[in-house]
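Think of it as A, B, C, D and E in the order they're written, each chain with its own count starting at 1.
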Amino acid sequence: MDYSNFIIMNHELSLVVVLVALLLADLFGKNKRIFQFFAMGLFLVHTVLGFTHWNIGEASAFSGMYVTSEIHVLVKNILNIGTLIVFIFAFYWNENKNKNQVGEFYFLTLSTLLGMYFMVSAEHFLLFYIGLETASIPMATLVAFNKNKKESAEAAAKYILTAAFSSAVMLFGISLMYGACGSLYYGDILIKFQSTPLHIMALIFMFAGIGFKISLVPFHLWTADTYEGAPTSVTAYLSVISKGAAAFALLCIMIKAFANYPGTWQTFLWWIIVITITIGNLFALRQKNMKRFLAFSSISQAGYIMLGVIAGTPQGMAAMVYYVFIYLFTNLAAFGVISAIENKSDKLTMDDYNGLYSTNPKLSFVMMLAMFSLGGIPPFAGFFSKFFIFAAAAEQGQYLLVFIALLNTIISLCYYLWVVKAMFINKSENPIPTFNSDNMTKIGLIICTVAMIILGFISPIYDKIIAISFGM
Amino acid sequence: MNILSLFVIIPLIMMAIIFCIDGEKKSMIRMVMSIGGFALLATSAYLTVEYLAAREAGDMAEFLFTDSILWYETFNIHYAVGVDGVSVAMLLLSSIVVITGVFVSYSIEEQTKEYFLWFLLLSIGVYGFFISLDLFTMFLFYEVALIPMYLLIGLWGSGKKEYSAMKLTLMLMGGSAFLMVGIFGIYYLSVPKGGSLTFNIQEIAANVTTLTEQGADNSWQYIFFPLTFVGFGVLGAMFPFHTWSPDGHASAPTAVSMLHAGVLMKLGGYGCFRVAMYLMPDAANDLAWIFIVLTGISVVYGAYSACVQTDLKYINAYSSVSHCGLVLFALLMMNKTAMTGAILQMVSHGLMTALFFALIGMIYGRTHTRDIREMGGLMKVMPVLCVCYVIAGLASLGLPGLSGFVAEMTIFVGAFEHEDMFHRVFVILGCTSIVITAVYILRVVGKILFGPIQDEHHAALTDAIWYEKIAIFTLIFAIAAIGMAPLWLSNMIAGGIENIVKLF
Amino acid sequence: MSIPVEYYLIVSTLLFFIGVYGFVVRKNLISILMSIELMLNAVSINFVAFNRFVYPEHLEGYMYSLFVIVVAAAETAVAISIIINVYRKMKNIDTKSINELKN
Amino acid sequence: MELTNLAPIVLALPLLMFMIIGLFGYKMTPKFSGILGTTAFSIVTIVCYYIALTYFFGSGRLADGSMAKEVIFNFEWLRFSENLVISIGFLLDPISAMMLIVISTVSLMVHVYSMGYMHGEEGFQRYYAVLSLFSFAMLGLVVATNIFQMYIFWELVGVSSFLLISFYYTKPSAVKAAKKAFIVTRFADMFFLMGILILSFYTQTFDFGPLTEVTNNHVAIVSETMGGVTFCGLSVISIAVFLIFLGGAGKSAMFPFHIWLPDAMEGPTPASALIHAATMVVAGVYLVARLFPIYFFEAHDVLTIIAYIGAFTSLFAAVIACTQTDIKRVLAFSTISQIAYMMVALGVSGYEGNEGLGFTASMWHLFTHAMFKATLFLAAGCVIHAVHSNEMDAMGNLRKHLKITHIAFLIACLAIAGIPIFSGFFSKDEILVAAHEASPVIYWCQTLVAGLTAFYMFRLYYRIFWYNEPDYGHHTPHESPANMWIPLMVLTVYTCTSGFFPFTEYISPDLMGFESHIHWNIAIPSVIVALIGIGIATFMYKKKTEYPDKVVACIKNTYHYAYNKFYIDEIYLFITHKIIYKCICDPIAWFDRHIIDGFMNLLSWITNKTSLEIKSFQSGNVQQYAWVFILGVLSIVALTIYL
Amino acid sequence: MELLTASNIIFFILAAAIILFGILTVTSKKVLRAATSLFFVLFCIAGLYLQMNYQFLAAVQLSVYAGGIVVLFVFAILLIKNLGEETEQLCGAKRALGIITALTGLVISLITIYKYGFHTDSDRCNDIAAIIDMNEIGQTLMGTEKFQYILPFEAASVLLLACIVGSIVIAQNHKEEKK
């Protein structure tokens, strides 16, 4: 028994320290504002520290149950950055509408983040399962945080029930996998896995559970309802951080455990990607509620993310991580604007956004950038990420898939442009009045905007990611 | 610094300046735009002169003024620029259209600042596309040029602008979906044994040649050539992917129509030529007939459709379909003369369609109608505009001494040089379009410019004002200059074409 | 001759799909939650049976089912608190009452 | 002076004038612009005369007695490929030299005349600008060194014709006529272009030099490259040159492209005189003459067709001319008929020596016709100027009021009728001789046309200058000012004298020239026929009689058809409006909006509809979610494993 | 082939009970009755574990599930007014769909499992399985070697803590609102 194994879990340990500190601070601190600054400062320190963990390099602990490498560190750092931005956007909401549960908000969010760390770093299905559950069960309570609204409770109920259901399904898959392979270490499965029906069935059941987290069709149905009902900050967190972590974990599993038989899973993943993108887009077309709209948009984005998985190459992994990285800023910018508006005026539907440009030009501008970036319009960062992920898929000869995905971007562009149209072109009798966002929101929006504009041009980021990626 | 980068940097600087100016100071914004526009024009003129001088001095490199900065190492993406005769011609065209577009846009009063910002973004896309030698940056600029159209039409347009803007954007994006797959195909499959992946057009072309020499399988070309060609063809208004064009042009504000029909549609032709045909010559050779049929239909079909339209902009849009069809048609003939003609036609059509849209915009601004049935006898009321309209019309129907003739004749003669009977029969069919063109041009001229004044309200209208005059006279000057002394331009373009023709 | 492992698997699979059936048809949230418990138990049986009869060298399935039990407990706790929350808001826990968010 | 230095002036000066007057005309007074244009053009005229005369009487005659073909200058204008180059150049040979004289003379006279005729018209400067443009284009056309240069200027004359016809652009009929003229000729030009394309594809040259180079009774370059090539069973050479002829037919208003010319009379009369009588309309004849060796040696069948088309057109137009009441239309049909005469002459011509008589006659008639038809038009212009109407009914007994005009008109009428000593007699005689040798049918046809010509011209003459005087009201017609009648007189002088010039010695297809003399066996019958025609006209129209009505009553149907120009216009209208517009354009436009565009809209509709239809998929029921979930899993399993 | 040994008979009885009570859990009209059935299911499963010599697991199953979770359910049912007495009327179509889905899944899964054919060496298994003791369980749970699970164990603690906090927040929620 060598407990020094814990030492290499830098991220996890430092996050645990943050968690404990927050628990204590929440216990003794009275002033919520100071507490928030403390929490964010602490988390900022954690985030910054995260960047110093590069030097660990490739290492595995607990006899191969936990693994870390530069790409894992990077992914965790990306998750940290995302979470930090979510906190920034949540500041105002916490201060005014969530006064009584500020400490819990931070604690629960960070514990789900810890779960995601485990998910990402797991090399064993048990740890993966625990991580997944840590990332989803407390999330259900976060979804229910909005105490004034029925929708919040409903969303939470739907979320927890489907989450439990999906985890049961996944477990069933894992159990069969255990039965078929005799071990649940990824490395062992890689050796034992064969293309027998049982193996494949186990794989699919297990895949469904992760697909639920990434909200792939047909495991996506909870997404829109939960996103709509949850507090906007939580929605943002769900749509970016949780999804990104799960996607990366899935890719790791596929590469590490099932790389010997890629044909078995690429076939069904191909179809899942196609229907995910298409269904996501078709539903997004009809949405009027901005959060719900972004929910469906994020479903179709999940389909694009999966292109990196289906490629399964280092290129695919790099493209996927990069995609998530860009997607984080983009989607958070959109949610930032939405929550800024929701906080000030409680308006959430697209029609309310009519004429927004005339009253709140800056917010509209950010929103427009976010929409363009989501739609993959250059020169914004979304274009680059989309291009690279398509390139990764095309490299594996998935031209048809790329083509279908690209045709779908037409539909997606259509609804992204509708938002732009609402803000810029449509006229409104009573537009949302001009208001000043709080400073934290401003900071968050500025970060996101700058990121959206310049990230694509900074090529070292991608080159660095590809250098540390691995694949089949 | 490379002179070519100026074409992107100047508009960027202009954007930055305008971004900082208060939106209410419209005259200042306009001044910045004019100065910047002239700077661009001067740069392209200087570039042309330098280019010709370099060629004169015997510089036989395929592209001149090349520069390459590594950008994404992983994909071997470079910011690679360079021009040959064709790109120089297109840059010159763009500069002329941009500066005239600026002057035409002087009358924009609503959200001037935003308008010009989008306008500049559009021109960055256009310029960037023409200077790029790297497929990635090319595609990037291509898409940069597409999206501002949505807002420019949606916000400053007229008529059913929202529908048109959406249709235009989505259809062009559809085109770029085809295109992107094509680019990936080219990128991954053009590598010979032992070669490395590259986005650089020149290198890809060399790779493809090597592949052919190695006797490698070239079946990939037969999949990705059509994709790429259709992708660019959508923007080039190729039948049956042209329907965004009438609605889009009709709804767009004047300067945007100008820039779009004048330059942006040329991206399609240029791309077909530079990407699809240059990089996949085998497939181009074998599959050209399919597209010859389609573009041949475009040519005649557009012309016939234009004959019965009643909206001025629709007429011009369909005429653009016909003329741009001719561009692609000539490109597919794949000999030097025809391709030179195609590029000449791009330049010529760019100029005259810009002129047309400018004039239509000005007339519309005065009469508030574009329905030709509601106008008549405007020649008496606004002689300058109307004379210019006649000149534009004459250029469009290919009057010698104006650019249209040079282009069309080069196309017809060149295309007819094709040794295959099938192609020549299509050329003969294409020739018929010159009559139909005359029919619809004269129909408009006769209806709205000549004859008695239809609406007495129109009698009190004023003629062109100074900035409008600058715009239209510049364009007419360019049209006439090319029409009267075409040799230098034709030679310059032919020099660029030669490198490609030898691949077929 | 002891029972073949397949027999255990039949039991667990049956139980699992009984749970699925229950999830899909039951009308109130608590019953649904109970169905989930059935599914999780089915999974546990799987793990244990595999461990016991196929791979007895290590206690992997054994441990896994132990953790499943733990997580199930936590999950149930949270789920029940959420259901109670729903009940407080909607005054009943019928599945029809959580049908506001749709389309 | 060296011709190389002078020749550019011929093209440059009119172009310059066009630009100056066109661009800055609105700042000039009308008078100044008129004088400027006229002065400039007089210089051009002098240069043209100088060039032509030096050519004919000096440098042009080579040592072996043939006429030279000189290329004065030739610069590359546009290069298509290694071989195919458009040059702008100046070719001096007998026919182009002759055309220089015709064009410069008539054009100068029209310049001068217009100063009076167009006085006070709005757009006076515009008129002069376009006149300069036309002169430039026409001169460029005749001196073309290659077929593409010819095509370029061909188009330019077309457009200046358009601009002049639509000079009174507020008049709908003028606009309509201009459109018609332009589109019809454009339609024909398309064939011309196709012809050029075919010809150049095989011969790889545009240059007239090789294209008209005759060796061993063959145009070598053509027969070598195109000989034996067929398309759909027809010789490609024939197709090509026939297409080129169609281009010429369009400009020269041959049947069935003649319809635009009568309508073109909506333009100002001096413009009609210049463009639609003397110069532009003979471009087609000139074109055929230019390529005569190819027609003769390589596509003789086409030449025969040309002859028959010419014969038919001349008869057809002459018949119509007898019935028209608008004096300019009568003249227009007469022009058609006379140009057709020239075509006939070319069609029946041989090549070497005396056999080339038809060619010579054609050119000769071109010359004389230009002069007397210009005279007729200018005189008609004076008449119209005096009575402010084109209709015969508004005229009568004008010989009292317009004495000079009367004389000029009479002389021109005699000339066109082919009465000896006037120029028309000589040229027409030669044509009939040539026709006689070629084919009796054509000969008799042409003789008949000669009679008809005499008849309708004198009908016109009598209706204007004799007949009964209508009520002129308080507005008594009076003679035109000097700047109108002086040009008239000058042209009359040409009309009288140009018959005595020994054309045959200078102009012949083989450039050698030959002696000619009047063939009285042909001349006398034709003169008699002409005299009969004049006699009938005198009988019927000298005074108001009931004979015309009686004749009309006799041949009511025929008259009716002829009066309505045999409904050719209506047929065209039917084809364009009912067939092209209604059956092609409208369906295409409909197809575009509803099928192509509809398809795109359908796509979006389907997308929208699907999205609406699958809405219920997201029912909000958590159990359904689970159901879909497990079903999804199971179907993936089933599909992956068992399919 | 002696299937009908005593332990096998016990297995069959337990299996039958599990299935029977499982069905009752999802079909009984009263929730409280369903909870009771659930309890029996869990109980029987614990019996299965016992039969496999996994006494500790059986104990945990009984204490956590039967002792904890089922009690939680009962509390919840009682907390919610009238729920205990409420009877469910199931929609026929929905039930049919449920049955069809469940049966399809069952068939697919069972076929797949049966096709695989697990190779079991029962003697060896019995030998190894017989010697499990608490010490080994503790080692497995707290060790860092392969097939030892300290990390999930620690991670689970975070999960439990978070769940506790979360449940409390949600449960508290309403009260504070009322104030």
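Rule of thumb we're sticking to: a residue touches a chain if its C-beta (ideal position, glycine included) is under 8 Å from a C-beta of that chain, and two chains touch if they have at least 3 such contacts.
Everything numeric here is computed off the predicted structure, so don't read it as measured data.
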Item to check | Touching both chain B and chain E (chains) | outcome: A, D
Checklist entry - From the centre of chain B, which chain's CA centre is farthest? => result E
Item to check | Closest chain to global C-alpha mean, per-chain Cα centroids | outcome: B
Next on the checklist: When I count C-beta pairs in contact, which pair ends up with more: D-E or C-D?
Outcome noted: C-D
Next on the checklist: Let me check something: if the centre of a chain is the mean of its CA atoms, which chain is farthest from chain D?
Outcome noted: E
Next on the checklist: Based only on mean CA positions, could you tell me how far chain A sits from chain C in angstrom?
Outcome noted: 27
Item to check | Averaged-CA centre spacing for the pair chain C and chain B, given as whole angstrom | outcome: 64
Next on the checklist: Centroid from C-alpha atoms only, then distance chain B to chain D, rounded to Å. What do you get?
Outcome noted: 37
Checklist entry - How many angstrom lie between the CA centroids of chain A and chain E, rounded to a whole number? => result 31
Item to check | For chain C, residues that touch 2 or more chains besides their own | outcome: 5, 9, 16, 19-20, 23-26, 32-33, 54, 58, 60, 63, 67, 71, 74-75, 78, 81-83, 85, 88, 98-103
Checklist entry - Out of chain B, which residues touch more than one other chain, so two or more? => result 170
Checklist outcome for this item: Where chain A touches two or more other chains at once, the residues are 126, 130, 133, 137-138, 140-141, 144, 156-158, 161, 165, 169, 176, 179, 183, 197, 201, 224-225, 286
Item to check | Which chain pairs touch, all of them | outcome: A-B, A-C, A-D, A-E, B-D, C-D, C-E, D-E
Item to check | Footprint of chain D on chain E - complex, ascending | outcome: 94, 97-98, 101, 104-105, 108, 112
Checklist entry - Which residues of chain D touch chain C in their complex? => result 615-616, 618-623, 626-627, 630
Next on the checklist: Under the stated contact criterion, what part of chain D meets chain E in this complex?
Outcome noted: 623, 627, 630-631, 634, 637-638, 641
Item to check | chain A-facing residues of chain B, complex | outcome: 71-75, 77, 136, 139-141, 143-144, 147, 150-151, 154-155, 162, 166, 169-170, 173-174, 176-178, 180-181, 184-185, 187-188, 223, 227
Checklist entry - Can you list the residues on chain A that touch chain B in the complex? => result 315, 318, 372, 377-379, 383, 387-388, 390-391, 394-395, 399, 402-403, 406-407, 409-410, 413-414, 417, 420-421, 424-425, 459, 462-463, 466
